[in-house]
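Below are structures written as structure tokens.
In what follows, chain A forms one complex with chain B and a second complex with chain C.
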Partner chain A sequence: MHAKVEEQFKISPYLVFFLVHSIQLGVGILGFQRVVAKTAQQDAWISVILAGASLNIVLWLMYRILRNKEGDVIWIQQQIFGKMIGGLLGTVWIVYFLAMSATVLRTYIEVVQVWMFPKMETWALSLAFLILTYYCLAGGFRVVAGICFFGVVLPMYLILGILFPLEFAHFYNLLPVMNHSAKDILLSAKDMSLSYIGFTTLFIYYPFIKNPQKSYKWAQFGILFTVLIYLMVMVTTLVFYSQEQLEKLIWATLTAWKIVQLPFVERFEYIGISSWAIVVLPNICLSVWAAGRAARSLTKMKQRPLTLFFLLLIFIATILLKGRTEIDVLNDMVGRVGFYIIYGYIPFLFIVNLIYERVKHK
Partner chain B sequence: MFKWLKKKKETGVKELPDLIALFSESKDFLQYEFPQNPQPFLIYYLKTMVDDNTLHRDIMPYIKKESVQTLEDLKAEVPIENIIITDDLQKINDGLLHGSVVIRPGKGGKECAIIKAPVNFTRNVSAPEVEFSVIGPKEAFVESLDNNVNLIRKRLPVENFKMKQIKIGKLSKTKVAVLYLEGIANEENVNTVIQRLEDIQIDQINDSSYLAQLISDNANSPFPQLIDTERPDRVASVLGEGKVAILADGSPLAIIGPTTLVEFFSAFEDYFLNWIIASAFRTIRFVAVLFSLLITPTYVAVLTYHYELIPKDLMATLISSRREIPMPPILEAIFLELAIELLREAGARLPTKVGQTIGIVGGIVIGTASVEAGLTSNVLLIFVALAALGSFTTPVYRMSNTIRLIRFPFLLFAHLWGLLGVVIAFCFMLIHLLRLTSLGRPILEPLYPLRIPDLKDALIRLPFSFQSKRPVQLQTENTIRFKGAQAKKKNDFDE
Partner chain C sequence: MFCLCLSLLSGCVQQEIVDDINLLTAIGYDLEEDDKVIGTAVVPVYDAEGKVSNIVYEAETRASKELRSKFNAESPDPFVSGKLEVALYSKKLAEQKGIIKLIDALERDPSIGSRVFLAVAATDVSEMIEAKYGDIDTGRYLSEILEHNSDRGILAETNFHSFIYSYHAIGEDPFLPLLVLNEDKVKIDGIALFKKDKMVGKLSDEYLFTFKVLKQKFSTNDVFTVNLNDDIYASVFNIKSRRKFSFENLNEVPEVTIHFSITAIIKEYSGTNITPAVIKEIEARMEKDLKKKSEHIISKIQDLNADTLGIGREVRGRTRDKWSNKRWDELYPSIKIKVVPDVKIRETGVVE
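What follows is the complex of A and B.
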């Protein structure tokens, strides 16, 4: 059994665009360039496109799995694999979503500590964000979708900040095109895919969409928009920095923002980092919501105590994580797990689901 | 009913004389006897509630008539409709309290005639003061419910204009009217309003704003969730859109709902002006409100933490104005903001003429003096004054109060975490607004949920030819306002 979502709590299909896009665009975009450009160098932009294109297929697989089902992935897994294994897989999802939100939050706090307030206490900012998250989640999924919507629309002006460095661009940095082996480009694409993960929350909120299959094109548009923005940032970075410079920059986007100069603003990155809170908040909200919802389908408990418990876990996790290396390890781990989920587990689930449907219909 | 009456009732008010004795304790209660054959008439009324003209012109002469012997005769003769003959003490009691004249045959007989002759002192319809508009109608609601409904009905002469009436308040027994257009307004909205009004438990309703507070979705929100207006034209217009209006007797304000956040920033004058100009004014209002909300917190954030944000030349100006100020930016800002609040409150409590003097004294003297004394920087003084102006551009008074209030948490967060604090406070406000509803409909509509057709009259106002459909938000039963097609003018160029 699973709880059916009432019609009044459902969201319009077009909002899936914002849900998919907002969670893909988190802290990653502030500094993904160095990692991605490590192997493919000036051809890294090809990797950005390649990784993005592969997501289209994954998304298609996801919608194919969810088609004609009224439950979320937790329910589907229990149907297919039975109570035990299905429950175990469900737990993996919950842990994954929680790790995702903890990573995003801790990384953002790190950015704030490095760039704005070196003496800022981790717990204080973490607490503020988690209270906001709770306040948002307590309003139901409609509010979560709303914050995702505004998290995409309101910070649009930051795109202008990306364009400023073009004034000092050296476009021949991009040349020669395609002088890396396919292997190098694919390796970079693999690194890039770490930035794209997160939209798997779709597995959980799918039952909340009105006419869910109609949302498919919006989800695709969402991914397309993400790819476009990453591509823009990547190309700007590549033409602005030389390869040697880029290797040393952890937060290449933030460094590029320093170039922005307006008559009344000197250090644009302060505005950028502050505004980024509106980008990060939907990320945390959506993934904690997904964890809470998944746990609810799994345990049949109420979502409120579960969510409060999860928020406490995240709070403790963010305090315990100290220093650059630990955060890096966590980021890497979550990315790796996400990578295997997207390219390993989802195709696997797709095939199993196909067999399951065949057998059941006979 | 009245508690005191109930107690007495148990002890003794079972007969008419007991009731009369109870009333007689009030000085304005009068009773006369008209000796007459074969029996005298006794007459009771509250002097302060009864219209002298009616009494002397339409009642007295008939009582004195020889031919009038019984109450039935009286009922047939007196030229006033709806004369009730009853022995129900409750009805007699209510009648006396609402300005009726009670007549009783002197010898025996429990039955009385209740003749309505209430006096109504109301002021005349005058020009709107809170929602003044340079052009457009110049009438505003008054304190009489019938008068107010008349003002609206004159603008909507259609038979599906419906008025439901409820009495609310244990003591005040205020007549509350719910107005809507049947076949246009969503039944669900009307039912929600009536349901919530019926559920109200309160002793007195002295103004419709009591109702607005009692039936709003979230009473603990600083944001108003229903608009109150004193303009009959605005009420008529939103009724046509499919909204519901609530009027209370004794209140010159109508409440309209469901509403949206952007509606709080649209003046009704926007519809009197050409759409380009109206849209420009509306945009100015939104910018002014955002400015008013964010400028002082930004000032505090930047001067407390982010000096680097300001370019060198601008920094010089700021520093030179703050050079001799002993206080941190947050105290400086709070001092000035409180000063403005003080001026506003003093101005609002004092009579108009004194209030103006206070404004001048406060604005010019205190402002200049505090800068010269080195308590505040003149840059901040400019910002705070502009912010105050910005908040006053809001057409709905209730909303402008909210904007002035929520600036203070923003200031505190700015002091705590700089610009990041401002953004966090903003996120908090955003989530709060996302959760807020007006009669069950999301208040941030048409921004979220995004409803593109409703954007025609939100941040900007498109021309009337674009307004041919009713707002999607209201889920009206008849979505079409009028047929949008218009004959296109052709000139020689198109031929």
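What follows is the complex of A and C.
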């Protein structure tokens, strides 16, 4: 009934660190500050930590749901809810993963268009990217995991770019600490959680991990690392910009990079944006792979034609989206759905699964 | 597959080759009658021998980006603003119209760097841009004057980012350097004080050093001279300065004390011997001088109701209540601001 993953297609548990971290760190980090700092202002860094901390619990729930199971979430849902509802829920996951990859790709193309090549056509970059994605996906999940590894390790030097703006830091911007109500800080934490989503792909690639429960600590480390980077960027942003200035900036991280001046390069943001392609690629690869794999579990069709079909869908979606407002709406929508999945559906699934396991044991 | 990507990616964007574009390095804005703005731009042209000549373009407009198309109409190559070094605003424009509308175009344009210098020109802007400063690109010349003086000299740190920062900051007003054209040289003539985006007053160049002391922490190689009496004077250099605020009565009418401590080395002394007593006197004189100048600066900015030193922002950081801009605006001109200087001479040079 359920296809077991062969041993040679599995990955080592420590790679989960890169899988979890790389998909969390996408295009969001280029401009999440404005949204998060809107309500909590100088206390936004607290929201970053709070939202990050809540993920630890979600991750624990996910591992608890997946424990002792041999399939992915699609299979689990069908076991628990039956063919019909389970299948429907599976479709939701697929659409969600596809929307996620389309959002990431289109937002990245927008950044390239606004910052580097205003005359670049959307379809050209989109096509190039998707062909590359297919090339990676053709190698199977182990290649995707490898891409995620490089997507984290190679652009590491960009962290230095976060430190340059500190030359103009005004640390008093962080004062007064905690003068916002708990409600404001939580509202900002909610906005922040939108940047953290994406690691739910774990539900799909879980059966591909050797000794999956051993990967738990690596997944936690991955999330911790993400939180640290977001925190660093957030604090730098808060001390670099004044509040009203930040409110106007769509890509605060990129604008901050404009201050970087190196003897051999006039503008750092061009290096940053180009390097970001390496960060975006694993993002798209992993979510398209997850969509393809989920569809395969659901329909028992071959994964390759499914993937091709999905890539075509993403390609069309990226071309159809035009301009800032539409991209913003999409980002917002995907974020919102992700939010409800993480904080609504996963706890729900956890409880149902608990009951299901009890009943089955008797 | 990689080759395919390469062949797909190249050639789909219009190329811009350095030789075939006009790299704008400095731009100046002046106000004409009936609200028209005159833009003057300068483009360096490098010839084969490495010599630089500057070509100046002038156009009249309302929107600053429209200038570019007007420049384009009279130029053989298209204009590109990615290499902009300096933007100058005439005193008249800064005083009457405010400059934020013109700055908005720079802020929105991703190709403009954050380290571009902004300055107010006290003399005619187009003359300053048209003037020949020798075998150097004009934009570079202007930006270098501002750059070394703000990095190591007596001009308080200033660039595009810091202007925008203070403009948007709550409880702080921006400032810009004030430039004058003196025959064939440009000189920093003081500080243009802003209230929001309008210039409301100026500090003359003798206050530059004191202003920097009040504004930020720094170290400089520039020299500060103290007169001990009519014919004895001392110069100190290698100055390190730190500044600290302290507040009393924060929740009603705050009383501010600005402490600054300066350490320096004696470079020149016209008297005979430097004794500890002389050092004490130099220190005391410097303290007195700085205090006097600081008080002048502070009373001036308070009269103009321009919070150039960012005292409002400091107060805001120390109070937990909701901040009210309006209340601060009313309060600021009347608050008490004290200055407590502390000067220490560390060394007396290599001779005794």
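Following the convention adopted for this analysis, the second predicted complex is superposed on the first by the 362 of 362 C-alpha atoms of A that agree within 3 Å, B and C clash if a C-alpha of one lies under 4 Å from a C-alpha of the other, contacts with A are read in each partner's own complex, and residues count from 1 in each chain.
Note that in this section contacts are C-beta pairs under 8 Å (C-beta built on N, C-alpha and C of every residue); 3 or more make two chains touch, one makes a residue touch a chain.
Note that the coordinates shown come from a computational prediction; the quantities given were computed from them, not determined experimentally.
Student: Is A:Phe81 contacted by the first partner chain B, the second partner chain C, both or neither?
Tutor: Neither chain B nor chain C is touched by A:Phe81.
Student: Scan A:Phe350 for contacts with chain B and chain C and give back first, second, both or neither.
Tutor: In the superposition, A:Phe350 contacts neither chain B nor chain C.
Student: Regarding the shared-chain residue A:Pro176, is it in contact with chain B (first), chain C (second), both, or neither?
Tutor: Second partner only, chain C.
Student: Counting only touches as set out at the top, which of chain B and chain C does A:Phe149 meet: first, second, both, neither?
Tutor: A:Phe149: touches chain B, not chain C.
Student: Given the touch rule stated above, what does A:Ile271 touch, chain B (first), chain C (second), both, or neither?
Tutor: Only chain B is touched by A:Ile271; chain C is not.
Student: Looking at the overlay, what does A:Tyr135 touch: chain B (first), chain C (second), both, or neither?
Tutor: After superposing on A, A:Tyr135 lies in contact with both chain B and chain C.
Student: Going by the contact rule set out at the top, does A:Leu281 touch chain B (first), chain C (second), both, or neither?
Tutor: first
Student: Counting only touches as set out at the top, which of chain B and chain C does A:Phe117 meet: first, second, both, neither?
Tutor: In the superposition, A:Phe117 touches chain B and chain C alike.
Student: Just which bits of chain A does chain B share with chain C as contact spots?
Tutor: 117, 120, 125, 128, 132, 135, 261, 266-267
Student: So in the complex, which bits of chain A are touching chain C?
Tutor: Residues 114-115, 117, 119-121, 124-125, 127-128, 131-132, 135, 168, 170, 172-173, 175-176, 179, 241-245, 248, 254-255, 258-259, 261, 266-267, 269 of chain A touch chain C in their complex.
Student: Going by the contact rule set out above, which residues of chain C touch chain A in the complex?
Tutor: 1, 4-5, 8-9, 12-14, 82-83, 107, 110, 112-115, 161-162, 164-170, 172, 313-314, 316-320
Student: Across the complex, what residues on chain A touch chain B?
Tutor: Its residues touching chain B are 11-12, 14-15, 112, 116-117, 120, 125, 128-129, 132, 135-136, 138-139, 142-143, 146-147, 149-150, 261, 263-267, 270-271, 273-275, 277-278, 281.
Student: What residues of chain B sit close enough to touch chain A in their complex?
Tutor: Result: residues 305-306, 308-312, 314, 417-420, 422-424, 426-428, 430-432, 434-435, 442, 444, 448-450 of chain B touch chain A.
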